[in-house]
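Several structures are given next for inspection.
Two complexes come next, and they have one chain in common, chain A, joined by chain B in the first and chain C in the second.
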Partner chain A sequence: MKANIKGFFKPLVESLIAIIIGMLIGAIILAFSGYSPTEAYVALFDGALGSKYGWAMTLSAATPIILTALTFGLGARTGLFNIGAEGTVYFGAIAAIIFTNILGNVLIGLLGGIIAGLVWMSIPAFLKVFRGVNEVVSTIMLNWMAYFIALYIVLQKIPNPDDPNKTIAVPVSARFPIVIRGTELSWAFVISVAAALIAYYILWHTTLGYELRVSGYNERAARYGGINPKKAVIWSFLLGGIMSGLAGATEVMGRPPSYAISQGMANIYGYGFDGIGVSLVGRNHPIGIIFSGIFFGMLKAGATAMQIEAGVPLEMVRMVQGIIVVTVAIPGLLDLLKRGVRK
Partner chain B sequence: MKNRGLAVFLIGVLLFSVAISGCIGGGEKTETQTTTPQYAGKIAVVYDVGGRGDLSFNDMAYLGASKAAKEFNLELKEVQSNTESDYLPNLRSLAQTGEYNLIIAVGFMMTDAVTQVADEFPDQKFAIVDGFIPDKPNVVSILFKENEGSALIGALAGLIAANDGKDKVGAVLGIEIPVLYKFEGGYRFGIKWAEEYYKQKTGNDVKIDLLYTYTGSFTDPAKGKTAAQAQLGQGAWVIYQIAGAVGLGVFDAVDEYLKSQGKEMGPPFAVGVDSAQDWIKPGVIIASMMKRVDVGVYKAVEMAIKGNWQGGIMELGLNEQGVGVSTIDAVKEMFNSLPEDTKQQKLKELGLASEDELFAKLEETRKQVPDWIWQAVAELEEKIKSGEIKVPMATTKDQIEAIREAKTWQEMEDLAKQWESS
Partner chain C sequence: MMDAVISTLIGALTAMVPLVLTSVGAVVSERAGVVNIGYEGILLMSAFFGAIFAEITGNPWIGLLGGAFVGMLLGMLHGFITVYLKGDHVIPGIGVNLLALGIVAFGIPAYWGTAGQHQVPSNFRIEPLIKTAYGSLSPVVIITIVITVLTHWVLFKTPLGLRIRSVGENPEAADALGINVERYRFLATVYGATLAGLGGAFMSVDWLGTVTKQLSAGRGFIALANMVFSGWNPLRALLGGFIFGFFDNLSVWVRTTPAVQKVIPWQFVATLPYLVTLIIVAGIIGKVRVPKWDGKPYKRE
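Take a look at the complex of A and B:
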């Protein structure tokens, strides 16, 4: 029990210190560029947490990145460096649009996202287990393949005839209801938190989760203990696929105003990569990921306020946020590296 | 061990805060210099993901908004969008404050977001550039008759080619969206008009083909360069770029082609778009089709401030100076709106000593084209303005196909009348 508390508090304290250091560095850069750091940070926190609207923005921004972080986190727990969430998000979104246009129902849309995620993630899983292909290489390549295949589908197969700039939209009957009117917070947030809780339950309260984690710590020991590490790897990929497939689906079903994919996939691009950072900050722990996802969401929501209220240009806002994110991710990264070296 | 780490950390914090407090003082100093204490109101501009610094669309919007802000003594707030999902939050956060006399959304991609926010905040006035939101009293949609301006470019390009005994001109376009059909259709109309004008003037029959490429991007100059190189290889004599930043690659391709021929000035020429882009590569760019986003934005602000607000469509054509062929004066105005160090750097890149030298070179570029051609373009302009000639405005795939198949400009004009009456 004592070890457990220590295992919880140490990362928390480390993260808090990292946030403070990151903010201090950001403050210096802001000040040297002629902007008031106090004004900027007050705007950031006030915009993201100071009102019901701000909270809604923060949580809605956290929704997709919690899910993609779970993909990376589940992989990392099994000793994998799975960065294929990005491509999986595209197919999750496309499947959700196609499925809901056939049958306008939220559950059907989520099912579409799950199936797309499972199918796409089974490719690197197969390559890893049966051909020994390193998942870093395969998922990077698959991300690019996904990008161009998805682009083709978006442009050629499901474009909106009235507005060629985007795809057909998810029908009204399959959209997530908005929780607070006049915000973007939809019930999709609940899905992502539930997914994180389920991932936590699987990892620490089921035999499968035990097998996943043991394979991550030491493959040989796992085999000695009667665990098939191949099975663990496949499960880790597939569960991860479900998570980022859902991220794509919830994004098109839950974010106003367009409920569609726009050309160049501009509105769903990048969530997979953001997820890596979110997972590192959350120490690849599903519960940690919920909080770090909300932290990232806060930075996103606060960016608007920093521009409008403190007059800091977007480029500067992003730079400061980037610095904070990097410093916050460092402890998690070191953790991951240490474990890799030990193995 | 632990204590030492803590001590180092605390000292670090101390140093940081000292450094910062010094800087904050500095920050405030600059602030008092720049803020003007009095203003009659506030306006806000929300840029799309392209953002400021594109030397065309978004910068033109800023030009109009800043001019209006200065003239009407308004505070101008600029907001940039990082991704497409920022449009709605950006607009909402501004509208929520209730402080702004007008919120201007730059770019048709914000149409959905503006539609939604306009319903949520019925008392807030909005303007959208290029977006079509016809039936909301609190939204004005600023649209342009790009077809009219492009017709003039078509006439210019067609006559330059005909005059040099060539039979092809080119167009490099961005993503295939309805707005670009307006450009393409107008350009085709102008080329056909040039064919007939040339025949009447010289008695020689000419046929000028259009090579056109939709690159599928507004942001990748490499794509524009490849497309333009292919067109030059096939003999295109003037290439009209309608592709945002992709067009910068078109300018490069024509520039390199000229250099490989040992020439410093065209033909072949490129044509710029949206702002007066001639200064970007003097000698290469013969003129630009100006889409005066600045004029539209200025008019919208004026309307909102002076109390004669009217929601709906504001359509600007040749008559309203919403579109037109660039003049040297227009280039000067655009160039002078750049920050001073950018100007100096640009001149250095171009290998020119002063602004005067730049404008002299632009004059010389224009002299490569005989006077009668410029006059012919002016003639067409007058005829369109007076309503004697009607340029078709294609906004759907079917309409642009019909124009592509038309053999003469009169046929296209018939299409224009047909669409107008329906």
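Take a look at the complex of A and C:
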């Protein structure tokens, strides 16, 4: 039992240390760039957590990145580095817009996102299983192809005839209800938390999840135990595809005011990359991902306030995220720090 | 038509530079047993800092060296985590890629005060070696070829190269022979990242003359694919880099040709280098032999 608690708290403490180090280095870079770090961080935290509105924005920003983090996390638990969530999000969003415009219904939109995610993510899955193509290379190449193909569809196939800055919108009947009026928080947030809980249930309470985890832990042992690692790889990709397809769908169905894809795909770009960071900080554990997703959502929501009140470019938040992830990569961070203190 | 062929070939020689430098660096790093997938981020960050160095000193060559220096620092970070702390090889690479996205996205508006893109003034860019009507050839192209040939020679014809390969192939035996496995692995990683840094700065202070947060455009990963294609051999990486550089350049040429634009949307042409990468990688896997201890941390018993 004691070992169990340690196994739970150690990664938590290590993630917290990584977050603190990331924010400290961020503060140093801010100071070097001529900004006031205290002013920036006060504005960031106050903007994200200081009000009901801030909290609503934090949770709505967490919605897509919890889902994309699950894509990476499910992959990592199976021994894969699936970084293809980014491209899958685009197609999830496009499919949701097309599906709901044919039949205006929330479920139809979610189904569109799921189908798009399954189809697009099956490409790296099959390349991996049948051609042995490393998923890191294939998913990155597919992300870039997705970017250009999605851009074509957005510009040529579903542009809004009344507004050249965006695509046609999801019909009112297929939009998620708003939880707090005047904010961007809709019931879509529930979808992402439910997806994390389902991922947790699959991984630790089903035979499939056991097979996924064993293949990730040791492929040879899995084969010896009668598990087909190829099957695990395909399932891992497909489940991941569902998650990031949903991320795209919920983004256009549950994020006011536009309910469409904006120019340059600005409102659906970058979630795949953010998700990698969220998953690593959450130690690739679905429950950890919920919390780190809310933390990264807070950074995103607070970034706008920081830009307005402290004049710091909101991209600063991306930089802090990057530093946090590099810090997370340092193995045994806690032990290293302890050793350093003892010396 | 002939003009187009010649200019595309010259363009391919230019477009191959960041790919070849990164691939050759990756070959050395992986021959010593260290996998680094952070080249995408190294290319991006060294392009950003290379432009800053060039503009501060007024000398694009210092910009190029500055980019290599940034690559070196990032290589030291990667080597420290993977070689000395025995960390995972893939996660710090992912971290560096994300960090680069952040630093460059933050840095462009913070440093130049412009949103999204900075144009490097022409007097801070490297003068072409040869200027023709079909395009110009950068001296860095020659440097790239020289570095590749030299690296190949060191790797396969010298005792130093033998030691580098031995720590990636059989670190236990190398250790028993008194070779400092960790030091060779660390230095090979730093060398690889330094070359990538050179390639990154080439994009901003020479070839493209611009800094954007999408500047590296997957080239770090295309370079890794090219490394696999080469079978961890620098000379073949040069050939592969030229092929990828050709498609990279071809897609730009086709995109901007009005007659083609009418038939095929430019977005589809833009996917060409990535599609070619995927097809080539899918076509050759299984025929290549990976260094035996590639990506595995070595702990002395």
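In the analysis below, the second predicted complex is superposed on the first by the 300 of 343 C-alpha atoms of A that agree within 3 Å, B and C clash if a C-alpha of one lies under 4 Å from a C-alpha of the other, contacts with A are read in each partner's own complex, and residues count from 1 in each chain.
As a convention for this text, contacts are C-beta pairs under 8 Å (C-beta built on N, C-alpha and C of every residue); 3 or more make two chains touch, one makes a residue touch a chain.
A quick note: this is a predicted structure, and the numbers were derived from the prediction, not measured.
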item: Contacts of A:P313 with chain B and chain C, given as first, second, both or neither; value: both
item: Touched partner set for A:P331, first chain B, second chain C, both or neither; value: second
item: Partner chain in contact with A:A221 - chain B first, chain C second, else both or neither; value: neither
item: Touched partner set for A:L107, first chain B, second chain C, both or neither; value: neither
item: First, second, both or neither for A:L12, with chain B first and chain C second; value: neither
item: Touching partner for A:A194 - first (chain B), second (chain C), both, neither; value: neither
item: Intersection of the chain A residues that touch chain B with those that touch chain C; value: 155, 313, 315, 318
item: In the complex, chain A residues that touch chain C; value: 29, 33, 81, 83, 127, 131-134, 136-138, 140-145, 148-149, 151-152, 155-156, 273, 276-277, 280, 313, 315-323, 325-332, 336
item: Complex contacts: residues of chain A adjacent to chain B; value: 17, 20-21, 24, 27-28, 30-32, 34-38, 47, 53, 57, 155, 164-165, 182, 184, 255-258, 262-264, 266-267, 269-270, 301, 303-305, 307-308, 311, 313-315, 318
item: Complex contacts: residues of chain B adjacent to chain A; value: 9, 12-13, 16-17, 19-20, 23-24, 26-28, 30-31, 44, 49, 51, 77-86, 88-90, 92-94, 96-97, 108-109, 112-113, 115-116, 120, 175-178, 216-217
item: Complex interface listing, chain C residues touching chain A; value: 37, 40, 77, 81, 85-88, 90-92, 94-96, 98-103, 105-106, 109-111, 217-218, 221-222, 224-225, 228, 265, 267-268, 270-271, 274-275, 277-278, 281-283, 285-286
